[in-house]
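Chain IDs A, B, C and D follow the sequence of writing; residue 1 opens each chain.
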Amino acid sequence: MKRIAVLTSGGDASGMNAAIRSVVRVGYVRGVEIIGVYYGYRGLLTKDFHPLLPRDVSGILERGGTILRTSRVPDFKLTENQEKAIKNMKEEGIEGLIVIGGNGSQSGNLALFEKGFPTIGIASTIDNDLWGTDYTIGFDTAVNTAINAIDKIRDAAVSHGRTFIVEVMGREAGFIALDAGLAGGADFILVPEVKFDIKKITDNMREAFKKRKMHHLIVCAEGAIHARDLEKKIKEYMPNVETRVSVLGYIQRGGAPTRFDRIIASEFGQHAVDALLSGEKGKLVGIKDNKITLIPLKDAITKQKTIDKSLYKLAEEVSV
Amino acid sequence: MKRIAVLTSGGDASGMNAAIRSVVRVGYVRGVEIIGVYYGYRGLLTKDFHPLLPRDVSGILERGGTILRTSRVPDFKLTENQEKAIKNMKEEGIEGLIVIGGNGSQSGNLALFEKGFPTIGIASTIDNDLWGTDYTIGFDTAVNTAINAIDKIRDAAVSHGRTFIVEVMGREAGFIALDAGLAGGADFILVPEVKFDIKKITDNMREAFKKRKMHHLIVCAEGAIHARDLEKKIKEYMPNVETRVSVLGYIQRGGAPTRFDRIIASEFGQHAVDALLSGEKGKLVGIKDNKITLIPLKDAITKQKTIDKSLYKLAEEVSV
Amino acid sequence: MKRIAVLTSGGDASGMNAAIRSVVRVGYVRGVEIIGVYYGYRGLLTKDFHPLLPRDVSGILERGGTILRTSRVPDFKLTENQEKAIKNMKEEGIEGLIVIGGNGSQSGNLALFEKGFPTIGIASTIDNDLWGTDYTIGFDTAVNTAINAIDKIRDAAVSHGRTFIVEVMGREAGFIALDAGLAGGADFILVPEVKFDIKKITDNMREAFKKRKMHHLIVCAEGAIHARDLEKKIKEYMPNVETRVSVLGYIQRGGAPTRFDRIIASEFGQHAVDALLSGEKGKLVGIKDNKITLIPLKDAITKQKTIDKSLYKLAEEVSV
Amino acid sequence: MKRIAVLTSGGDASGMNAAIRSVVRVGYVRGVEIIGVYYGYRGLLTKDFHPLLPRDVSGILERGGTILRTSRVPDFKLTENQEKAIKNMKEEGIEGLIVIGGNGSQSGNLALFEKGFPTIGIASTIDNDLWGTDYTIGFDTAVNTAINAIDKIRDAAVSHGRTFIVEVMGREAGFIALDAGLAGGADFILVPEVKFDIKKITDNMREAFKKRKMHHLIVCAEGAIHARDLEKKIKEYMPNVETRVSVLGYIQRGGAPTRFDRIIASEFGQHAVDALLSGEKGKLVGIKDNKITLIPLKDAITKQKTIDKSLYKLAEEVSV
């Protein structure tokens, strides 16, 4: 294999650039030409192809976002588009493809693999919801950003003796909420994976008020309940409680990546290139039990990854 | 004057603790006893008074929020409550009061002064909307937090080629929006003080698209228009533009204060104590033309402070 | 077991407070009284014992350093002191001890265990050099601080086209240097575990100059070579190269802990309490292959933990 | 004037890029062609000239360092080199020059002006030692970085009960030390402008120890005394005190600029262009009493700017 394409797709995640840099430089070391595809799958269709050399990825390790840009291409589900993508790559002598992205992006990748094109995925999404990998690129940075925000919000919560509801990203999964809540010292954490009971929460708050703990911090995943809705429900039980809402939103995606994300991104990039060169395909590069691993793409996107219940229990215990 | 009380009131702002520390320690150096009043004006009514010594304010310089806690006490507008507050202070031998806070808080302060009690205010609000002072404690930290968030959001905006609308605090005034927009590299800044024209904005965006600038960043003050409403209006003119909204919210209040806020807070605290000791009263400590100054409280809260139009013009020029 | 003592010892590491908080709160949930020992082993000798309740550890999760303070007590190697410590604990009804610290601290812990006292260690040192655990509390924060510093230094390196040598902590081990170098995009990483050749480094630099790459970044562990000495050696081969030195020093210890350190600290604290309650002793709580684990104290401090050579190789490949 | 050159020179400072961006974009708005000169004065000699358009300065507002690169060119003191620089500019139709830099850089600028070439300077140095301007670009960012480092170091100082000596930049002037010390809560601040007495410092420390304040934080400007030397001197008076030294070094130069630096940089850039266009020359753009101002270059570099003694006094009072 002498020419490999790389693209980023779907929601951007901090660390994607570190992965691109690693693919390009390790590819160069292995004697492989790396072709950057711009704007994700759209670039496969428009042949937005540009060779990348080691100097082209200088100074990007520390930058959020993705220099290859990204897009969401719903039409890529169409067989004709997938075939066109493969045809376009073949025409340019591209023999393998590396897709850096999350669940939706890896579905497209799987489709190309199932049509016979050698592909490897790199697990990258702030949501951390790909099965078979303990972490995905961007998750650690996103949670650290959320924690930093929660640290600031707590200043106001304590000063005013108020209840703050902080909504973090996570439509299907509570990974960010659980880690940000535990690490941010939340009193309650609401995730899609665990049923919650507003009455129980407000009963606990009342107990705390009696002990003169006046402020509370609730972290909820957007997929569990929206902060505004939770506020209303709490008010039903405690009409007089002073609540404030903060939706962290897109700050969770960007910023300079952390140690963790820079390092796993560098490792994933290296392993993706080496996987293709050794004949692997249809696999996702992830990390399991602190070791880089290859997961069948199909498993990664169809099997359900669940939050660590013991961590959820821990969060309850350390917030007494 | 041998005993001075100090309180924080209204919205918390980063740097309030630095001001408290300065009042306490400078008071100690001057041989004055400093009494901390907890929970703002409420503490004046409940006699929530606690003497503060230099060691009591150790390790708080770098902390957001306020160790004296704060509250909003609408009832403090009642004459009977103001008289009770003065009575309570006099009973405890308190001869002067320092109020750290913004517009609403300084109104209460003015009322006490007008009832004959020696008071001094310290300008502290992230909104920076007190007349007669160029800056208020907490503004610089709030804007730096907003800029930092905008830097992260820009990563996503550029990567996706999207239009991001970032809403910052500022109900009456556009100070945060203007500085955060200018320093954050916003393409458009919407403030309550300047009329805006959605059509003109979207026309500009269309021009930019033609030049292949695909992402835009709009910073709006909550008092100009809410981000969600702006999004809708933009969609009326450009139905196909991809927009995303981020409401920064309470992260702007907290966090470790910046150099600027720590230093003016320390200066303001010193000058507040010295003002009371030299017989000044009914004044607000602020900074004008880089010098610490005393502003009549009445002017500070009734006169209208306006944004710097030349800065607004500059923001337009550097965003071409 | 109804009463457990906890102390921090040796060099402070960010996340120690999160571990203390977890020990105290999980202990409370389990119905165990937790006694805080101040100033490490010195506090065992002076009976500097203070019961800790859940509210006593509020607001410390995000703080660097250790509220229990720490010390280095060389005399604790004396048998008589160890016996006195055990006697002191027994007199106060303390039945188990949790020691949060690194290599030296766990030696003292092992000694107490070998004298028959039930002890558990919690792996906490920025150096990450305890055998049997992949990570120790404080390491992730330290490396992130180093990376952040390197990102700033790179600005100057690039702007001037200079060679910067950044010295990070690590007397015996290169864990910080390797991760900070890899994640910081260093051109060369010098660790105690790998022999380095100045001539080879300067030859590489000359090659790069020819390709018009004018700046270089070298990260060295203090235990490999001091930055000043390295600078001199480089000058022997390249007298005209412009070099600058930066010794990061103590900023690596402090600051708000990261997600990773807050979470493993919370987990380690919980597991330490539960280990003692289930009859375990003489063990160190760590994390191996992403699972919390118990390591015999003797192994943890006597066996040699080595850096991941494949990571070192990766660092070379991504810096081409 | 239709063509203006801009260069950065001397030590890099965070915010230089914001100034470049402002010069380029305001120049574009005014219908002036802006020519970027690379590597400072060296680029004037080698004709390293490149036209800069608004898109060329996209995405640099938030970046430390300088995209125009910088250098120190001792030979630029030679008349022949200055004449060559002017000749080179004239040959390319360049009618005015903007030099972004500190003291040394503005000397070169003055020389060109005195030889008849229209020049304007922009005050930019982390040292803040240009006469006539209250602030220079890069100072606020440098001090905030120093404060952030001091906040981390204090964690260790408090945890161990140690004395930390933190050395900050400032060869001739104590501006960084004074602000970082005051804002960082230093117990003692040593600047070149104020004589210090080691005996008095150690006497104060002894007093504090008696009151059980075990840790101390000393901030010194490199131009007052080097941290290592100060440590030795303290040990002469207090042989048993536990001291640690931290030299902050180059981290003070880089990183994303703060609100303050981004805004004054944008203002300075705009005013520099407008000054040249309105016929001003031989002036430095700075900020005085919160207003943008023009200072004769000769005054700016020959007159002595001194620290604010009242701030120094304040630092003493708030550290009791």
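Just so we're on the same page, a residue touches a chain if its C-beta (ideal position, glycine included) is under 8 Å from a C-beta of that chain, and two chains touch if they have at least 3 such contacts.
As the structure is a prediction and not an experimental result, all values here were calculated from the model.
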item: Chains touching both chain B and chain D; value: none
item: Same or different contact residues where chain B meets its copy chain A, judged by the half mark; value: same
item: Chain of greatest Cα-centre distance to chain D; value: A
item: Inter-chain centre distance, chain A versus chain B - centres from mean C-alpha coordinates, in Å; value: 35
item: For chain A paired with chain D, centre-to-centre distance based on mean C-alpha positions, whole Å; value: 39
item: Junction residues of chain B - those touching two or more other chains; value: 151, 154, 158
item: Touching pairs among all chains present in the structure; value: A-B, A-C, B-D, C-D
item: Parts of chain A lying in touch with chain B, wherever the complex brings them together; value: 8, 11-12, 14, 39, 63-66, 69-71, 145, 149, 151-156, 158-161, 164, 244-251, 253-255
item: Of all residues in chain B, those that touch chain D in their complex; value: 21-22, 25-26, 28-29, 54-55, 59, 61-62, 134, 140, 143-144, 147-148, 151, 154, 158, 179-180, 182-185, 211, 213, 256, 258-260, 262-263, 266-267, 269-270, 288-291, 311, 314, 317-320
